[in-house]
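One chain, chain A, links the two complexes that follow: it is found with chain B in the first and with chain C in the second.
Here is the complex of A and B:
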């Protein structure tokens, strides 16, 4: 699997308007939702996307499974352009997108039917579908015997979200794209869900996660793309991205708590080694400074 | 009269058998900024709905600003004095224009023009959206929508504002804006009751109450409540970052007190490391 964004720009303006603007070279006046986004998603990585509301995150992930096509530029899955209809179709079963508040999109009469919907659409046999539904429900820790024949609307919010996850997992995607997967959950449910996502990633699925929570991104991601007003603001490993707290703050984002405290202690004149801190490593560094005195 | 809300031996159940809370006694003073914490299913939202008579107790009484919520003649008075803002910004706006939405409450109270217009303008100014009166509600960000919902409450000139996880669906910037507005309104004299999962929001309150299975299990100042790490963990609540770090530091032999805010911890560390 290789997913390449090559100079992708996108505007919600209608096609006529775009054509006219391109002809007259006035395309800079168009309301661009994305501008010149280029990156390659590596197989097996955990890729984070951050950016405040309106920065283009959701528009970007809708390009990943060809729900939107670039106005200019290309999205290539294994070298095949997703603007092509047949390519787009196959991409949708290989790249699973879980949207924000996916529990609002449940619709079937039973949990089983909801989870099976994607498989049936892919034309799988009932036997194959059954195997996959059981596997997907198992992966999200839903008890098949107890829950499968219930209406999804009888379940708690956290369980409903697991059903929505299972519906995407049952298609056995190679890439899992998650838009704010833990928004609105209480601390316990959030920790459970992040654990689940980590397990899925360790089982070999490539994960793309959109989040506002810098602590979550810092602790899970290999690389983070920060968007601002539709443009690529930075792309790098967490250490690089969080080394620029002022710049991040200017685009409406924060840095993880431990990093924030480390930065402000440094600003007061305390000597701390330059690196990305989490709670434990910061405590360790501070204890070392203390005991060395 | 200084009591904003009083629960006396209150009990409530949705299905007649399992009580969400029972024998609950809780008094909230006027003018306070109170944070209510609790995991899912602890009864927070049910409690909030009792304050403005959306629900009434099966046992005991709930009194809001001295009015018994069970008295049907007082229901509308109570609802105009105690405004409730919910979690989902897309669930609670009713009109297509911001100013119409804010006017909805006071219009229902029968407030005539030009007072109605004044109230709308003032309420929008109160949440920092004075320029947005003619905007469409559907084109606002989540944080702006929540502020419009608060303005709709303010236009009824309430004495009490209750926020039921109103910031849960907002991004960090929207959350900061909402919190700033709430503290400002509190300074202007409003009693604020805030239900939240975010410990950073609780750190700035006058009083923090934690619920578990319908019972008040922690009640005190933020310093008293938020520093009880072990207890918070049992309650499925998050321990504030600064508190977790101070506890880890203590274990590693660094003499800091258990701080609940980052700025307090930073100051202690600076004092410890940088002054001779």
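Here is the complex of A and C:
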């Protein structure tokens, strides 16, 4: 699997307007939602996307399974352009997208049918579907015996979200794209969910996660893409991205809590090595500084 | 995508016509419709056309916006014109083929009805172009309030109308996101709506209904929490008749007189 974004630009303006602008070379006046986005999603990585509201995050992920097509540029899955219709269809079973508040898409009479929806659309046999549904529900820690025959509307919000997750996982995608997967959950459910996502990643799925929570991104991601007004602001490992707190603040983003504390301690003259901290590593580093005195 | 969906066709402005009282505008619009129906001659229709053109000019509504507001209903005009063209007979026969006969009288009648209907559409859309939906529902409530004393639920109807209008764009937006989510799960909607249509449609309709109920419950709670109890509410911007409304009424009376006179000349 390789997913390549090659100079992708996108605008919601209608085709006529775009044509006219391209002819007159006034395309910089168009309201671009994305501009010249280029990156390659590596197999097995955990890829984070951050950005302020309206920076183009949701527009970007809709390009990943061909719900939107670039106005200019290409999205290539294993070298195949996703703006082609047949490629787009096959991409949708290989790249699973879980949208914001996915529990609002549930519709079937039973949890089982809802989770099986994707498999049935793919034309799998009932036996294969059954295996996959059990596996997917297991992956999101839903008790098959207890929940499968219930109506999804009877479940709690957190459980509904698990069902919606399972509905995408049952298609066994190679890439899982998550748009704000823990938005609106209480702290306990949040932690459970992040743990679940981590497990999924460790089982070999490539994960793309959109979030505005820098702590979550810092602790989970291999690489982070920061968007600002539709443009690529930075792309790099968390250490690099969070090493520039002022620049991030300028585009409306923060840095993880521990890192922020480390940064301000360093600004006050404390001798802390430059690296990315979480709560534990910062505590250790501070203990070392304390003992050295 | 979400910005494209706007219900109605309100064109913001500060013109005299925008500032007329919404109740007056509704009644005057009704009067204008009656006047257009009264016009029985081409001269009368021309006068009405000029008048409406003048109103659009006063309201500073760009022509393409006006046309776009009317366009979805133009098929009514087309159907009427065709019906008149084929079924009204009389005078010289202009065209005859098999069972189709078009005569002189039919052409004139068709053209007359077409123009009259088009004028009607332009007159009515002037109301929606220059009045916000909130003002329209307010005016609707106020105009029906005399009947409220006899138990007619004017306020409740206006409230329901207002809420329904308010939520249309919201549901259009949610419809979009549900559609995208189900497409991502491999659902096919575009290829053939009849093949496996029931399952596919329910994947869109049921989540939308669930969302409607969710919103209704939240809204009911929110209204309850704010002690909403129906009628006798005061308004931030109460509707008020002004001199302009009286003036507009006089103008319309003059127009009516002129049109009726033209009928007899």
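As a working rule, the second predicted complex is superposed on the first by the 293 of 293 C-alpha atoms of A that agree within 3 Å, B and C clash if a C-alpha of one lies under 4 Å from a C-alpha of the other, contacts with A are read in each partner's own complex, and residues count from 1 in each chain.
Assume a residue touches a chain if its C-beta (ideal position, glycine included) is under 8 Å from a C-beta of that chain, and two chains touch if they have at least 3 such contacts.
In this text, all values refer to a predicted model and were calculated from it rather than measured experimentally.
Chemist: Classify the contacts of A:53 with the two partner chains as first (chain B alone), second (chain C alone), both, or neither.
Modeler: first
Chemist: Does chain B (first) or chain C (second) touch A:171, or do both, or does neither?
Modeler: A:171 contacts chain C only, not chain B.
Chemist: Could you say whether A:257 touches chain B, chain C, both of them, or neither, answering first, second, both or neither?
Modeler: Only chain B is touched by A:257; chain C is not.
Chemist: A:96 contacts which: chain B (first), chain C (second), both, neither?
Modeler: In the superposition, A:96 contacts chain C only.
Chemist: Applying the touch criterion given at the start, work out whether A:105 contacts chain B, chain C, both or neither, answering first, second, both or neither.
Modeler: The second partner, chain C, only.
Chemist: Look at the residues of chain A and decide whether chain B or chain C touches more of them.
Modeler: Touched residues of chain A are more numerous for B.
Chemist: A:117 in the overlay: touching chain B, chain C, both, or neither? Say first, second, both or neither.
Modeler: A:117 sits against chain C, while chain B stays out of touch.
Chemist: If we overlay the two complexes on their shared chain A, which of chain B and chain C does A:12 touch? Say first, second, both or neither.
Modeler: A:12: touches chain C, not chain B.
Chemist: Would you tell me which residues of chain A are touching chain C in their complex?
Modeler: Contact set of chain A toward chain C: 12, 62, 65, 67, 89, 92-93, 96-97, 99-100, 102, 104-108, 117-118, 121-122, 153, 167-168, 171.
Chemist: Quick check: in the complex, which residue numbers of chain A touch chain B?
Modeler: 52-54, 156-158, 183-184, 186-189, 212, 252-254, 257-258, 260-261, 264-265, 268-270, 279-280, 282-284, 286-287, 289-291, 293
Chemist: Given the complex with chain A, which residues does chain C contribute to the contact?
Modeler: 1, 3, 174, 177-178, 180-188, 202-207, 210-211
Chemist: Using the touch rule from the top, collect the residues of chain B that touch chain A in their complex.
Modeler: 39-40, 87, 141-143, 168-169, 171-174, 197, 236-238, 241-242, 244-245, 248-249, 252-254, 262, 265-266, 269-270, 272-274
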